[in-house]
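I've put the structures underneath this note.
Common to both upcoming complexes is chain A, partnered first by chain B, then by chain C.
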Partner chain A sequence: MAESTPAPDFPVTKRRLRFFGLTSDELVQLFFRGNAMVSVLVLALITLFLFKEGLAFFGQNQRNLEVYRRAGLDYVDQLRQQEQDHTALNRYLLEVRMKAVADLAGPQGLSVEAVNQRLEAFDQYSIRFDDAIAPLRGLVSELSETASAIKTKFYINEDKRTEQRQLRAAGRADEAARVAVEEVDFAREIEPILASREVYLEINRGLSRELQEIAVLARAVPGVPAERMERFAGWVVQYVAGFPAIEQRLATWDHREPVSLLRSFSAFIFGRQWLTASFWQDWYGVLPLFVGSLMVSLIALSLAVPLGVGAAIYVNQIASPAEQRIIKPCIEFIAAFPSVVLGFFGIAVLGEFLRSVSGAAWLDWVPGFPLAERLNALTAGCLLGLIAVPTIFTLAEDALQNVPRSFKEASFALGATRLQTIVRVIIPTALSGIISAVLLGLGRVIGETMVVLLCAGNRIEIPDFTAGLAAFFQPVHSMTGIIAQEMGEVVRGEIHYRALFVVGIVLFFLSLTINFTAQKVLRRYRQHPI
Partner chain B sequence: MSHANHHPFRAKPSLGRTFEAGVFWVLRSTAYIILLCGGFVFGDIVLKGSSTVFRTEFPFVNTTFLTEAPESLYVFEHDGVKREMGDREFRAFRGAEARKAEAAGKPAPEIKATSYVYSAGGIYPCIVGTVLLVVGSMSIALALGVASAIFLNEYARQGRFIRVVRLTILNLAGVPSIVFGLFGMGLFVIFLDWNVSLLAGWFTLALMVLPVVITASEESLKAVPQGFREASLALGATKWQTIRKAVLPFALPGILTSSILGIARVAGETAPIMFTAAFVVRDKLPWQDLERASDFFFQGVMALPYHIYVVSSKIPQNEYTERVQYGTAFVFLLIVAAIATTSIVLRARLRRRYRW
Partner chain C sequence: MIEIGNLDFHYGPSQALHDITLNIAEREVTAFIGPSGCGKSTLLRCLNRMNDLIDGARISRGAIRIRGVDIHQRDVEVMELRKRVGMVFQKSNPFPKSIYENVVYGLRLQGVRDKTRLDEAVETSLRGAALWDEVKDRLHASGLSLSGGQQQRLCIARTIAIEPEVILMDEPCSALDPIATAKVEELIHQLKLRYTIVIVTHNMQQAARCSDRTAFFYLGKLIEFAPTREIFMTPSNPQTEAYVSGRFG
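And now, the complex of A and B:
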């Protein structure tokens, strides 16, 4: 700097204080620069700490899945799947019976005894079908006890080892030596399970013989519609045809097969179950939570986009200044509603209100109505819509405001009506701004916690999409909700705790992506030559 | 108007015009539907909540609710009279009844009461906690945010560094609040070992509103005309002197009013404080029984939003619990709404006052 070289001829020389070779002005600048760095630092720290706490999850989950395989739980689950498929068929029979009862007792007006008498042959048939599975069921329950015992033994030993290590670290070697850790030899422990294969094959042969007979008999059952029984017989044959594949799978099943880290990763991303603190096996699959979050957001946006954008167009283009002065602050005021208050409103008022509305006769045609649950995806979606509306409104209104006045004037000068101007000139020009407003609204909604936690019903299950539109009226759980709900109850450093952090990572990057896309869309619009 | 009928360029009613009017009505209705929904939520909570908070006789405000800690509510029938009592009152009553019975030589009467947690008493500790959280976190956020904005608006030249900073600020604004909660838990609660404390909550909330404060401050700094700076620099002032004397005084009102919106956000958020600062219940007020002054910062507090979450999800809905639920929601909504309204009104007024 010029001041640093002494200029004795100059009449006014000003000496400046210097710290570490910096003038006070430069120091001030440095201070401010440091403050500006804080936000960069915060974003970096968020990433760092989410990964620091979360990343170990994949190793732990790999271990979790490995034990699942080593201890034979995987093997037993395949048998159980077979048993459950049978149960599903059984449920169909029950359904057939219920329909038959409704037909007989309803239009034909038969008494309960008469109906039961008519269906006696059918009931015999169902009982026979149900009994067929009994040997397999017995085997499954026997084997699951064995597998469960192996797993428990393994984890007890793990705990003991941890205790031993802690004692050693604390310098109490003699106490540590006294802790009896007994190595679990999976190969030996699992033998009874593998040895059961012969028994299983025997049971399977009997089962398939019995079921084939049952399938043939299906048509001859009196009292129920033949086409339903026909369908049932088809399914049974299909079910039996699947047996060799299961036997094949079990024959090649090897408990020593390694579980890769990739498997642990995909079990999280594509896992369809989030099951914790279970007696059998814990699953950490993010899919049901992700689907829940997405579904609630979709409902919210389908309400908020038309309302928010419509109101923005109205306020910006059509409303009188007096109206503008009222509507704009009021919508800004809605933005200040705390989400927990909205969540409470959902529990106290909206849930019941929606349910009673859905019970109205003229809404019968909507699938899923009347609502079975007070708190479901719809309740949460409506409230989230109210949260998203101010965001979308404000940003879309900004975008409309930024359309140059001359565009509008030129359009009017060409003889266009107001509606034509709005639809053909104003909206296309502001479109990217509106799209980015919608995206930011989506970001706001997906990251919202309290409303979904309180109002979405918190059922961790992928909604039944075969029900069509009714899927949107089922209770769901969300990524934000699960963190808020379970974080308080987990042990630090355990797999469950880390799984929640990984859900946080997913959420973090999801919101970054949405935000980034919104900015990209907006920037393209700015570069657009006007 | 009669003369309009003779107007030669008078718009003739046509299908197009009717259609246009129809579309405009649809758009108008969207705006009013939003207001209606917002008004309905607000009105419902105000109507049902005000019966808890206000009284028909002097002093017109339910002082118990606003100045006492939450208690369990006991509902029971005694001597054919249905009574509702808070925890302490109930104990005293039971003791008195037992003594009365003893004096009469009868065995102590058994009182079968149904209890509802948090449904009696008040929400004073929650109000205190929320105020503490807001004051602390906003101080931190304002200090950091205004300084950042000064750098971005006054010192920075276009460059890579500034682009990165602006991009992060934009992205930080979109990070979900629950992720801030996780981050605060990971950094402050666990890594720095502050435990669930006021300090951890302050920093978590402050970092969460930082983007809001920075954006608001920058906007106000931008509104100060360039001529002010040039004139000051021409008089020989240094850059810092210019900022201090010629820019900040004019920007400060704007910064503060816009930041009030940040206060509303801080006060309203629940997710970030769930794991960093909030306790479900705490007997002592933050300044009671402190061994050292520093303990003040390392204690958890009760907070209004978290209390609403607790009372609305952890206790059943019925006529006894509804009172405290609606009352708390009402007080909270009123506080946040007052802050937001102040911000909106002040900002509108400020825009009119400073027109350079």
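And now, the complex of A and C:
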């Protein structure tokens, strides 16, 4: 409408105050839209940052593994493996001796001298077995030094090269030219290692001859149970039989063999070692951390699910209103504890308590009892369970609350008892809600950091599952814990820094999957109950 | 068969029923009518003690006897009572289970496991509720997949599966369309041959159509109880007359 038109008879137009051409309604709208956009933007930025920092790890790890091979560390490690297998056998002999001592000194009541005398032949045998490996051990230590030196030289050169580049970039060309960068020729440097092959074969021949003799002698060693020595002899023979394969592998070993990106990836995902700042070689394998997180969460859930769901059923279906008024806020109050306080409680009280309980004589039958460590997966799992209880309780209670009252009435009207109604109607109807509550509790537990950092014992190792259930009483480390612990002391942009980011990405995907599944389960339930 | 004598009933401090005395005859349909809040549903829910579920609900005087037994006695097992006195609710409420499982729910509670017995019960009950022909090919479909009228008949089938003596119906047709209502009313006529039925209804035509006796309640009191024809044709109380002729309510 042009402004020149005369005042209309139908006055529905109104002049509004405008800022920058926007009415106040539009401004308010814009403000809300802005808030919504900011959260989307922040999420996108965080994800982007996580991936940008993390994904470069795989290239760096590829380089890391490449140097490991080029400098001959890989070669030496194969020899070392052979040596360590021998050590493992030696450890078995020690075990045999310990059991024999316990048998002799215990039931038979012999004095220390008498025991030692009885076992003299065994000890000599044991020493002979240990001595057999000495030449190989010497070779390994010699080669280790050589390989280590090559690697160090390479990294010093890399540092110099970086310095040179930085100087050039800063426009100080003359200074840059003065930095002496010396190309490391791996093929030449590694020669001494490869040249040792003859020596190695010689040593191996001697070792295999010696061990075969030792194996034959095993049956005749006095003072220890024959069947144990029989088993030992079998293992020794097996060990020796493995030699040709090792020799074969070393003969075809080539330091120039490329390391693929896939190898770098699988070394992270399936790597059994997380070893940083090592003199020899750094390994970034997420498996021990992942297993640790999983074990702790498993313990936590096996506590929190019965507690949380059970309490929800009680409060929602059975408790009197007065009880409800007490129980509900109490459980929800647990969530108000800062987790660091719970962690402190875990160290000071729970860990000590569990250990003293595990020492009780009537609990001897439990595998792993008495506990060797005060801080272990069980301590952390118990506390995490406590943290997950409010989440599971609240969501499960909601799910039960959503079951229509008419189902309950119908069930009662058909002559059901309260328990029958709960088991046959209420729980099945609320089941997917309960499952999603459990999943969200799991998400809460996997992401929890402080408690596991304080109470899990922080040993970066895959627990020994051959010990059965006792594995759950061993110290573990977790994915969240390692990030919190190590992020403060890494150099930005270094491989270690990036490795922590990749651990973060793994956590991110884990939580994403759990939450997504929980949503799916819940939605499915809303569409078609049971 | 059911004798209600001088019954007073309270929800907490407020009295919902005043001195109700009423006898319900066997194998007849007795209708409770009256405006909202007159206590007819409360009385109905006293008959199988569903009011036990409500906090503060109590009988302060009088008694209800079914076949001579005071059902509020201490040694009455309320689950057993409810097996004998079944109930159909205003809003159809099949469980979110299959049609089959809905019907056998009561039997399973009693520990019946025998497959042939359950199968038989499903067929007889669904036939009894005039639903068999409509669902016999999809017994394992969800009970919630049925239409409103079918769901209500499923609830009736579920109730008769445990072979009660009395069936209480709390406005069973109020959420149904006229065709579904007609089917349920037809069903009530058939059920009368085997069961004693007490029906609460807002719909006076329905009471007139399907009941043998009618009780009119107002403000928690029983105003008039007589054969249905009398209540509608020659009511003795002016309030009843005003209500059935549609002047209030």
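As a working rule, the second predicted complex is superposed on the first by the 508 of 530 C-alpha atoms of A that agree within 3 Å, B and C clash if a C-alpha of one lies under 4 Å from a C-alpha of the other, contacts with A are read in each partner's own complex, and residues count from 1 in each chain.
We adopt the following convention: a residue touches a chain if its C-beta (ideal position, glycine included) is under 8 Å from a C-beta of that chain, and two chains touch if they have at least 3 such contacts.
All figures in this text were calculated on a predicted structure; none of them were measured in a lab.
In the superposition on chain A, contact is made by A:417 with both chain B and chain C.
In the superposition on chain A, A:341 makes contact with chain B only, while chain C stays out of contact range. Within the superposed three-chain model, A:307 lies in touch with chain B and out of touch with chain C [touch as defined at top].
By the touch criterion stated above, A:426 is placed in contact with neither chain B nor chain C. Of the two partner chains placed around the shared chain by superposition, chain C is the only one that A:407 touches, whereas chain B remains out of contact.
Within the superposed three-chain model, A:52 lies in touch with chain B and out of touch with chain C [touch as defined at top]. Of the two partner chains, neither chain B nor chain C is touched by A:371.
Counting the residues of chain A that each partner touches, chain B and chain C differ, and the larger count belongs to B. Looking at chain A, you'll find residues 417 touch chain B in one structure and chain C in the other.
Across the complex, chain A is touched by residues 48, 50, 53, 55, 79-80, 82-83, 86-87, 89, 91, 93-97, 105-106, 108-110, 142, 144, 155, 158-159, 162 of chain C. Contact residues of chain A toward chain B in the complex are 24-25, 28-29, 31-33, 35-40, 42-43, 45-46, 49-50, 52-53, 306-308, 310-311, 313-315, 318-319, 327, 329-345, 347-349, 386, 389, 393, 417-419, 440, 443-444, 446-450, 453-454, 480, 483-484, 487-488, 492, 500-501, 504, 507-508, 511-512, 514-516, 519.
Those residues of chain B that touch chain A in the complex are listed here as 16-17, 19-20, 23-24, 26-28, 30-31, 33-35, 37-38, 41-42, 44-45, 144, 147-148, 150-152, 154-156, 164-165, 167-183, 185-187, 190-191, 207, 210-211, 214, 238-240, 261, 264, 267-271, 274-275, 305-306, 308-309, 312-313, 317, 322, 325-326, 329, 332-333, 336-337, 339-341, 344, 348. Chain A meets chain C in the complex at residues 321, 404, 406-417, 420, 424-425, 428-429, 528-530.
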